[in-house]
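These are the structures, in structure tokens.
Each of the two complexes below includes subunit A, the first together with subunit B, the second together with subunit C.
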Partner chain A sequence: MNDFIHVASISLPMLLQGLSLTVEISVLSIIFAFIGGLLVGYMCISPNKLVEGIARVFIKIFRCTPFMVQVYLAYYGLPSLGINVSAFGTGVLILSLYTSAYAAVILESGVKAIPKGQYEAAAALGMPRLKILCRIILPQTIRMIVPSLTGQFVQTVKDSSILSIITVAEMTMMTKEAIGITFSPLFVYICAGVLYWALNLVIEFISGRIEKKYNRVRI
Partner chain B sequence: MADTQTPIISVKNMAKSYGELAVLRKIDIDIYKGQVVSVIGPSGSGKSTFLRCLNYLEEITSGEICIDGQTIRGISEAKENKKLNEKAAREIRKNVGMVFQQFNLWPHKTVLENVIECPMQIKKIKKEDAVRTAMELLKKVGMDGKADAYPPQLSGGQQQRVAIARTLAMNPEVILFDEPTSALDPEFVGEVLDVMKGLAKAGMTMIVVTHEMGFASEVSDRVCFMDGGYVIEDGTPEEVFKNPKSDRAKQFFSKILNV
Partner chain C sequence: MEGLKTVLEYTPLILKGLGYTVLVSAEAIVIALIIGTLLSVLRMGGNSLPSRIVKGIIKVYISFVRDTPVLVQIYIIYQALAVMGLNLSAYVSGVIALSLNSGGFIAEIIRGGLTAIPKGQTEAAAALGMSKPKILARIVFPQVFKIVSPQLTSEFINVIKVSPMLSVLAIVELTRTAQRLITQTYVTLPFYIAIAVLYFIVCAGLEEIVKLQKKKA
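Coming up: the complex of A and B.
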């Protein structure tokens, strides 16, 4: 029992320290990915074929290569291009880009599911395209895709663990370090798992509230 | 509707095709202020496409449409027409409203919000003024009691009446109706037609694509019968229904009028 308390007293503070960085990375990446997803999604539905093409290539690159490869490429690639960013910055950047590719696809499919008449009614009344997208199409799209976006953002939290490979001291890296000190992998991994789980429960709770707010009227 | 005045809508030589498929072959028609024109004809004759071309929801392949001094031209004729058309369409849409078969109310906004959206967003009218006008219009279509309801909570007839109010809120000179009663349960058709009759009496210029022959013959000044991408009959309801010139129209009326 004393052993257990000893292991916990060493590893838990380390895990919590890692957790705070995981939260920071996740929140930043989710915000950037949402903005990036909107932008890339908007490019996907552009009438300009070149703009659409750029968005499609972006999505293809980030969806069709392993996240770990992207992380390493960014970590070693950016400095060789003369761009010096901290490991934390690189991590947030690559996780944001990776997630925004998925968010863009979710958004695009949501927009395409809105009946064409919704757009036409606004256009026939003289509304300009961007205004139609922002005021008529996007609000209907968002409420429809909240569940899939939530799934993607939960995935973002989990993917942040991969950033441990480029020395970002987030929770998974701290888990490994705590194991190195305590030699109790089972206990420490259980704790880390529970903390990830709790963090994602929070995201799902928030998403549930958003869904509830939007779905006062079923459409 | 003196024929000497300049037409509010003038369509010349208009054709529309989707690739190989020609939907409208050659349309020439002038429509004057205050006219109520019913466009009838079999499915696939191009009625709805014709209507949708008028406010540029569809591009036209060749020919031209003049509305209020703005011109939409066939995109096959010159490359820059597309850009020019978009500009003209923005002006045209300010004066030409449209009511759809599927109502197309915005489900995330209340009835009142649907009606005030465009006056506020496009005409920059102050909210209190927009709301006052909207409530008057909703009263006119008998929907003022449902101002705070969401569209999915309403019947089809109610939704269509709100959609008419939403169009009226932009104060259009012409309203295009694309089969406004075709998606309605039979019991709700009357209430929508009543609102439309009221508008016709008040002098609104209306072009109505419809299968309601009763409405076409009672309310409209003019009936156009379309088939195969042409307007093949164009005259008063009396002329078109009683003495159609073409065999195709005779055949069509004999099928639908004697049931």
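Coming up: the complex of A and C.
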């Protein structure tokens, strides 16, 4: 028992330090991915076939390759393109791009669920296309896709652990460092697992609250 | 161009790595299917105290599996198996970790499929005197698997996309093969591009199958 307390007293501060970076990376990526998802989703429903095609290729590439391989490609590929960003920057960039591909698909499916009559009615009233999307379609869509979007953001938090392979000192990386000091891998990994779990449960709780609130407004 | 030549030189090795990736993923998804089915059967139990406890444990298990990173799960399983005194190879613990992970997801998929089966069917079967296991095996699950087959293929794609994480246990699947060749040849980017293309072909091909399954359903 004393051993565990000793190990915990060393490793927990390190894990919490890693957790704060995990939260930072996740929040940044989720914000960027939401904006990126809106953009790519907007391209998907564009009347211009070329614009739509570009968006579809973007989505396909990011959805059909493992995130770990994307991370490696970005980490080794960006410098050879002459772009020198830190490991942290690379991580946030690739995580945002990856998540935005998924967010775009979720947004698109939400937009498609809105009855067509609403577009037609808004267009008949003389509203421009962008205004129809922002004022009529999007508010309804967002309400509908809160659960799937939450699932995706939980996925983002989980995927941020992969950034440990490119030396981003988030929680998984800090876990390995703590193990290097304490030599008790199982206990420290389980602690890290529980912390990730708690973080994601908080996200799910908040999302549940948002859902409830919107449903109340609806009635 | 020099890099491309090097990659082509090692094509047989890379394809062997791809074979291992597919093999690991296939093994994992088969075991996961068994785990997922088992979990969803156990979840159907009544309201007696023991079955409530079992249900609670399964709920916590699925929540943990879905809300923690696979990478951390792989490390935990690898270390836990070692602490339990089981001397398993990295390959076996990798497959176990992937199947335990995917099993949690499949249990949720099957639960979704179960809600699509009208209650009247099980009642009718029970009225005909069929035993509970027989009802599940002969009436319920054949239909459920048919309904959820697109999601199961998607889950297979997910497993393939997660399998590169096994490279941290030094299992020589596609990603680890590439890393080994990189340290040998000092050519980095072309190898990663090559394996990304291979993963893309496999996953995009499977996605087409998902589309076909959805059309059929």
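Points to keep in mind about this one:
Operating definition for what follows: the second predicted complex is superposed on the first by the 216 of 219 C-alpha atoms of A that agree within 3 Å, B and C clash if a C-alpha of one lies under 4 Å from a C-alpha of the other, contacts with A are read in each partner's own complex, and residues count from 1 in each chain.
Note that in this section contacts are C-beta pairs under 8 Å (C-beta built on N, C-alpha and C of every residue); 3 or more make two chains touch, one makes a residue touch a chain.
Remember, predicted model here, so these are calculated numbers, not experimental data.
Contacts of A:E120 after superposition: subunit B is touched, whereas subunit C is not reached.
Legend: residue contacts after superposition of the two complexes on their common chain; A:I136 is shown touching subunit B, with no touch to subunit C. By the touch criterion defined above, A:I31 reaches neither subunit B nor subunit C. Contacts of A:I83 after superposition: neither subunit B nor subunit C is touched.
In the superposed model, A:I181 lies in contact with neither subunit B nor subunit C. More residues of subunit A lie in contact with C than with the other chain of the pair subunit B and subunit C. In the superposed model, A:V202 makes contact with neither subunit B nor subunit C.
Listed in rising order, the residues of subunit A touching subunit B in the complex are 115, 117-118, 120-128, 131, 135-136, 139-140, 143, 214, 217-219.
Contact residues on subunit B toward subunit A in their complex (touch as defined above): 55, 57, 90, 93-94, 96-98, 100, 102, 104-108, 117-118, 121-122, 150, 152-153, 163, 166-167, 170.
Interface residues of subunit A, counted against subunit C in their complex, comprise 60-61, 63-70, 72-73, 76-77, 80, 154, 157-162, 164-165, 172, 175, 185-186, 189-190, 192-193, 196-197, 200-201, 204. Every residue of subunit C that touches subunit A in the complex is listed here, in rising order: 63-64, 66-73, 75-76, 79-80, 83, 157, 160-165, 167-168, 175, 188-189, 192-193, 195-196, 199-200, 203-204, 207.
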